[in-house]
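The following block contains the structure, expressed as structure tokens.
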Amino acid sequence: MSPQVVTLGEAMLRLSAPAGERLEAVESLDVHVAGAEANVAAALASLGVPVAWVSALPDLPLGRRVARALRGAGVDVGFVEWVDQGRIGLFFIEFGATPRPTAVWYDRQTSAFSQMSEFDPTVLDEARFAVSSGVTMALGDGPRRLAESFIGAARERGVSVCLDVNYRERLWAPSAARRVLEPMLGQAKIIVCSRRDAERVFGVDDAEGAEAAALELRERFAPEAAALVLTDGASGCVGISGSSVFVQAAPTARVVDRIGAGDAFVAGLLWGMLSDVGLGESLRYATALGALACTVRGDQALFTPAEIRAAATETVAMIR
Amino acid sequence: MSPQVVTLGEAMLRLSAPAGERLEAVESLDVHVAGAEANVAAALASLGVPVAWVSALPDLPLGRRVARALRGAGVDVGFVEWVDQGRIGLFFIEFGATPRPTAVWYDRQTSAFSQMSEFDPTVLDEARFAVSSGVTMALGDGPRRLAESFIGAARERGVSVCLDVNYRERLWAPSAARRVLEPMLGQAKIIVCSRRDAERVFGVDDAEGAEAAALELRERFAPEAAALVLTDGASGCVGISGSSVFVQAAPTARVVDRIGAGDAFVAGLLWGMLSDVGLGESLRYATALGALACTVRGDQALFTPAEIRAAATETVAMIR
Amino acid sequence: MSPQVVTLGEAMLRLSAPAGERLEAVESLDVHVAGAEANVAAALASLGVPVAWVSALPDLPLGRRVARALRGAGVDVGFVEWVDQGRIGLFFIEFGATPRPTAVWYDRQTSAFSQMSEFDPTVLDEARFAVSSGVTMALGDGPRRLAESFIGAARERGVSVCLDVNYRERLWAPSAARRVLEPMLGQAKIIVCSRRDAERVFGVDDAEGAEAAALELRERFAPEAAALVLTDGASGCVGISGSSVFVQAAPTARVVDRIGAGDAFVAGLLWGMLSDVGLGESLRYATALGALACTVRGDQALFTPAEIRAAATETVAMIR
Amino acid sequence: MSPQVVTLGEAMLRLSAPAGERLEAVESLDVHVAGAEANVAAALASLGVPVAWVSALPDLPLGRRVARALRGAGVDVGFVEWVDQGRIGLFFIEFGATPRPTAVWYDRQTSAFSQMSEFDPTVLDEARFAVSSGVTMALGDGPRRLAESFIGAARERGVSVCLDVNYRERLWAPSAARRVLEPMLGQAKIIVCSRRDAERVFGVDDAEGAEAAALELRERFAPEAAALVLTDGASGCVGISGSSVFVQAAPTARVVDRIGAGDAFVAGLLWGMLSDVGLGESLRYATALGALACTVRGDQALFTPAEIRAAATETVAMIR
Amino acid sequence: MSPQVVTLGEAMLRLSAPAGERLEAVESLDVHVAGAEANVAAALASLGVPVAWVSALPDLPLGRRVARALRGAGVDVGFVEWVDQGRIGLFFIEFGATPRPTAVWYDRQTSAFSQMSEFDPTVLDEARFAVSSGVTMALGDGPRRLAESFIGAARERGVSVCLDVNYRERLWAPSAARRVLEPMLGQAKIIVCSRRDAERVFGVDDAEGAEAAALELRERFAPEAAALVLTDGASGCVGISGSSVFVQAAPTARVVDRIGAGDAFVAGLLWGMLSDVGLGESLRYATALGALACTVRGDQALFTPAEIRAAATETVAMIR
Amino acid sequence: MSPQVVTLGEAMLRLSAPAGERLEAVESLDVHVAGAEANVAAALASLGVPVAWVSALPDLPLGRRVARALRGAGVDVGFVEWVDQGRIGLFFIEFGATPRPTAVWYDRQTSAFSQMSEFDPTVLDEARFAVSSGVTMALGDGPRRLAESFIGAARERGVSVCLDVNYRERLWAPSAARRVLEPMLGQAKIIVCSRRDAERVFGVDDAEGAEAAALELRERFAPEAAALVLTDGASGCVGISGSSVFVQAAPTARVVDRIGAGDAFVAGLLWGMLSDVGLGESLRYATALGALACTVRGDQALFTPAEIRAAATETVAMIR
């Protein structure tokens, strides 16, 4: 089946110490597959959406480890470039417990993806959404140019671009992020950004509340966006579509593993958009899948439509 | 030692995914022994009560797995029928975390127990209590008739019948349950029923509160019951004995694994009744053992008398 | 990609006690996906062959568990029928150590697959091989008729049928197996049969050695087979194609988990046949993949072409 | 059921490092229940023999851990004395791999059993065999006197005493062992002794082979023994009964965990004797159960009659 | 490097059942190294302080297990006495969940340390602090005399003695503790005592609040103490130095494993004192490290200076 | 204590799939510390030799993980340089089973050590041996120059240089290795080289057997070596010292994990040399420790003097 959604980005192996254990004394590491755009793809595939993930992997067991997980979730990995050079990116996690924070260490330099320079644009031929995120732009000039070409190819075909700002302070400075991301926001139809990133990357004034910040972000950086969503972690989000503003609280979640929840949010949002239920309803799915993602170990949120619907809270969105 | 308590029902192997893992991606399953009446027997044996469990098991390793666990807890399994035909019943659990619910899938059809048609009534000769539950009645005509014959044999010997309504919507409809259970309630001396089952199975009006519901249940369906207890999950229970009404709050519990807590409640109740401490005090033990059961992995609540006493909250029961 | 190979059969969850542990005392069970034809499909997919697996699965987490594993290996599961009724078949393993045998207990009755009655024959449109095995025929009249219709559809399209005799004494008697399998052998182009099954099911005289037995099997039951292979466990196999006879020794293997090795053998054989390297060379791959399968836990032999080539022993086949 | 066999001795918790790990770096320890006479009891119970184990345990969770395991295997633990003082004996194991030997460290001083001074002799009223071993005599004056009183009570009731020499160099010197054990051998009807212990404890000349040594041992130390068996580890045993000599080879075994195999041997021997099949046949069961014990983790050999029969090699015993 | 801090006391192996499991059914035990003064040493070493631990260990794998862990944390174990006699002390833990309490069983009698009678006082030559605790005094006359001699040697060298009252009701009675500890408090410069121990051991009136109790404790028992800290579990502590009183709240902690938190508190306190930041600031580190200790499995709190600083709450201490 | 032995080289984290599992499907990875010269240091420290390891580590949890393990074994890590830049080197292992080979994938580029450029030569002031290996030279110009400067500093102080050729084909070509290593061999007093490396790197003719090859290697490349040892894997080694030739068979070993055995061999050799027992006796220890290393999981061979002596086979060395 031709993919309705295409995502572009790096996948890594995530190596985590068991909860309550410290990396500096660790005897075994749990292995999961992660990466913002791969997570979005896996979550959508699990919901039944035909989705392809465009990336590069080393032709080694650990590269196959990644492909097997994504393919198992239902993602089309036929557009992955298999390369002889380059590592698989890694990151290490030590799960925290207050007052000890959860800590992440990236080890993704010289990865196969970071050296990828082109892709087959026909993957986008039948798509409705092309998805990438700020993490990809942060990985260096190569990935950035690749993402630009991906966005360009999408626009040529009339495919809506969905961009998650996803700022990572370990990868680049706010000013660098803004310089790169600002023109991209202008080309995106769907934008997801956390309230905190809006402030530190784009200098949006947060003092007037999330709604005002969302409006400011759209007006200044993304006037063409059909939908702009400002997330606020566990508490919920604000979405703007045209002149409508939606406020959506998130379901309460008992957190097992929060990492990847933001990507699940994006997947839930897109699932709603693909179902043509409107932004308000889509935000319900976004917050529901984000909450569900917190309840399972691993980055990926593999849930069924029935599960996402059951977790979606009653619509409390105010519509203006 | 001759059993003071005899329970009749099916035991299954419970196969559960590790917490935080999903069944659809599971790599290993934890194995526990479960089954309402087997759980009651194990908890009572652990408290030092001579107790026998009447059932059927396939003469296979997994059947022996069940017998070994119960015998290890101290249950007399000498009245178990070992059969060549029939499976061991199974059920699968995925533990939830809000907003993802804990989910259970039964796989118990054509089990050895469901094909059992008779038992040796001499097991009841010296007993004080004969215990079964609505789950057993729900397993088909065979088990229902077996339970009826068990209750009949108990009454012939002057053994008090204890019945836990234990309605399971995956096994039968409320109307079917009522048709079968109503005459049985009339024969039971001790009845345990959840507030929710009282309403959905027996149509008891819950609007006036637990106490009124308990009274209505007894008056309409179990006028001869010496003790009727309406449970209300984690919050506590109401007990009625003659004209006395006892209200007992449950101890606060940090829940590790809630499954089997209701059976522990019944065991705690019977342990009190066997000690002749009266219904009010027995409810303290019931709620205490129910709470303790939530704190350990597995269905079975294997605690000592000292532990149950330490966990029993101060009596807050009001007596009328 | 259209499948080059299509396999039809049941997949089960295999639940095994850790090595050195007994099922009757087991505390956790390792979960793998298994099933003769699913194993063949997974091994071929791993080798890069486009392959589809035709079957039925319950639309439940454990059904999805099976699909996820096969899809992860690269198998096309788009022709699987998802049903609301029926269990997922199970089997339990206790791994032995001399003198304690490895033991298997099936628990597969009333499975979703056993109730499947039709399939979409277009899956075969572009295929070169249609694969099934005697296990499928043994599961009852429904599966047998389904397999007959599968073979019929293959023949209509000129797709070569590959049949692995795979006799299971726990499922049916030798005479019943012969009655069903004999006409099927007549329709198969590629037949794999163990020396032992040739004797006990088809009454082939084994006294004159494997080569004579293979010739007798072909002459009596499968005169049209393009290739007939008689396996002899860890020691190797004899293959007959036209008037050529090939004898192939198996590589020495240190056995971690022998179960599934026969299915890997079939996959290796077909991989060779698809590469058009001739039966002799194909037997080298068959024995190599069978040996490799013994070195990993689980039923499925997921190896790369480079790995199978490295493990293939020097050709020692004699050609007549 | 009244016990047919009664064993007396200490049970310990065995804490073992996972295979391939060293105790000095161990992160988790596997827990098993062990102890020569408890092992014999558990193996017999598993074979269906009514058997009681006489001992003392601390009334603490780890004491209950022991009782639960033995009761689970079917052993009657009603004659265990529960005490407030005294530890549970422990021993630690590091499993070896050539040239690194398996090593055992005892930590059993001041155990509850070592302070036990009396038992209820009525346990022997209906028994056929009373079993103890040299380990018990080695634990100090108290256990030795207890064992003497056990043997005396058995003889008063006409119960045959079975004694396994079971010399432990970590517990006492050969000369001390001989001084204590010599008079006991004179009272035993069934004696099991390893060839090596016969030489180092009793000074039996081994140069003429096992048969001569067995005869010498009986003539010098146990003229009244109805059966004397000299074991020779994995290779087999020699048994003497009256003027008959039986030589029995042991089945080949792939060793997972050899500890406890000697106790399984004794259990197999007694199971044969209880079945009145004669010493020769009993030795087949002894070597079979000893071999089976090596194939499972843990000290205890919990097998069914069908399993022991399947593992018993063809009788190769020579009868004189 | 010469140690700046020297601690004296016993280390044990801590064997704990996995969370949610009961010791009486445990299949494996997690192994950690523990012991009040060893914990203090390990935490300080992890913070970069040169620290030696004075103790005795059996020259056996489990003794080496202890030394390896402490050495790995950076503790100088060159002053440990390796002995041929004596066990390694053990204790067993079952982690609780309300209403089931966490339970600890000691098994430390006849340990190598309890038989230790002298030490090399030159270890103290360059030290600033000599640390021991009431647990050590409670282990018998030998350990008590050893501790007295340790304190004496410290005072001779002008090394400040730090004493943690650390009363253990399983080891001795309050009156015995007071008799032994009272003269020791008079010699200590730094004293840590829980509010509860102040009351039950020293009879300090707690009714007037923590501050009054701390003052009373110092005035009556430790007039020379340069710093006296009264802890109040998770809520915080009160510290007195000269006429200054500091009140420090503890950071909120999500508790993974509370055992050892008190020792981490002492280490944090000493780390502050060694940094000459004053008692108020030191209490911030003490509560921070105590809280961090609760967030990891095991007794030992191995954190970096950066981590302790990040966890230290804002100073809320009031200074008088 | 001043180190008697100083080793220089990289340590890595070794991440291995559980035995029988494939990396491409791995769910958890076991973590060990490894690296040729770190392994030598750890083994010697475990034998009681004062030994320092000179290297660089990133100041991150995984860097501390390495230091903790080595310090725990007793290695002096005070000369390790802690750096802010650079990764911790990794390598991944999939353990094989015939015919599937054990496979290793390095992921060590841009490691902290590979960027290290100087060290504190005073570490060598009191040493007898300075140890490095060909792996270090293969890591690039920086490490090579560092090693040269290490060797130079050793020679200035009269410290004997010990060099293990340790050729790794994944790191460099034989010709490059020879160009770098040849001048170094000329400066080493103790040289260890495998028979295979002698041939492929140095072009030594192996046809005349190990003894002739050893002699040729010494004559051509290392005329000043006081001891040259040619190893031959599991079968043993040949050692040459002056005009004496020693042939030493290795003890039979049941292999749990062969990786690191060569480093253990070097440590055993040096332990003998430090004990001044002569080369012949030292080879016994070398082969013994090499064999013991195979019996435990992980790269490091942490054994006591008693254990190495027990494993050392009888001297079968021929002396000329």
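For clarity, chains are labelled A, B, C, D, E and F in written order, and residue numbers in each chain start from 1.
The rule is simple: a contact is a pair of C-beta atoms (placed from the backbone, for glycine too) under 8 Å apart; a residue touches a chain by one contact, two chains touch by 3 or more.
For clarity, every value in this text was computed on a predicted model and none was experimentally measured.
Asks: Test of understanding: which option in B-D, E-F or A-E shares over half of the contact pairs of C-F, residue numbers taken as the match?
Replies: A-E
Asks: CA centre of subunit B versus CA centre of subunit F: separation in Å?
Replies: 63
Asks: Suppose each chain is reduced to the average of its Cα coordinates; what separation in Å results between subunit B and subunit E?
Replies: 47
Asks: As a quick test, compute the distance in whole Å between the mean CA positions of subunit A and subunit F.
Replies: Centre separation, subunit A to subunit F: 45 Å.
Asks: Among the residues of subunit E, pick out those that touch two or more other chains and give their numbers.
Replies: 22, 24-25, 27, 68
Asks: What pairs of chains are touching here?
Replies: Every touching chain pair, ordered by label, is A-B, A-C, A-E, A-F, B-C, B-D, B-E, C-D, C-F, D-E, D-F, E-F.
Asks: Once bound in the complex, which stretches of subunit A touch subunit F?
Replies: 15, 22-31, 60-62, 64-65, 68, 87, 90, 92, 94, 103, 105, 107, 109-110
Asks: Which stretch or stretches of subunit E touch subunit F in the complex?
Replies: Interface residues on the subunit E side: 68-69, 71-74.
Asks: Taking the touch rule as given, give the residues of subunit C at its contact with subunit F in the complex, in rising order.
Replies: 251-257, 288, 291-292, 294-297, 302, 307, 310-311
Asks: Sort out for me which residues of subunit B touch subunit A in the complex.
Replies: Result: residues 19-22, 24-25, 96-101 of subunit B touch subunit A.
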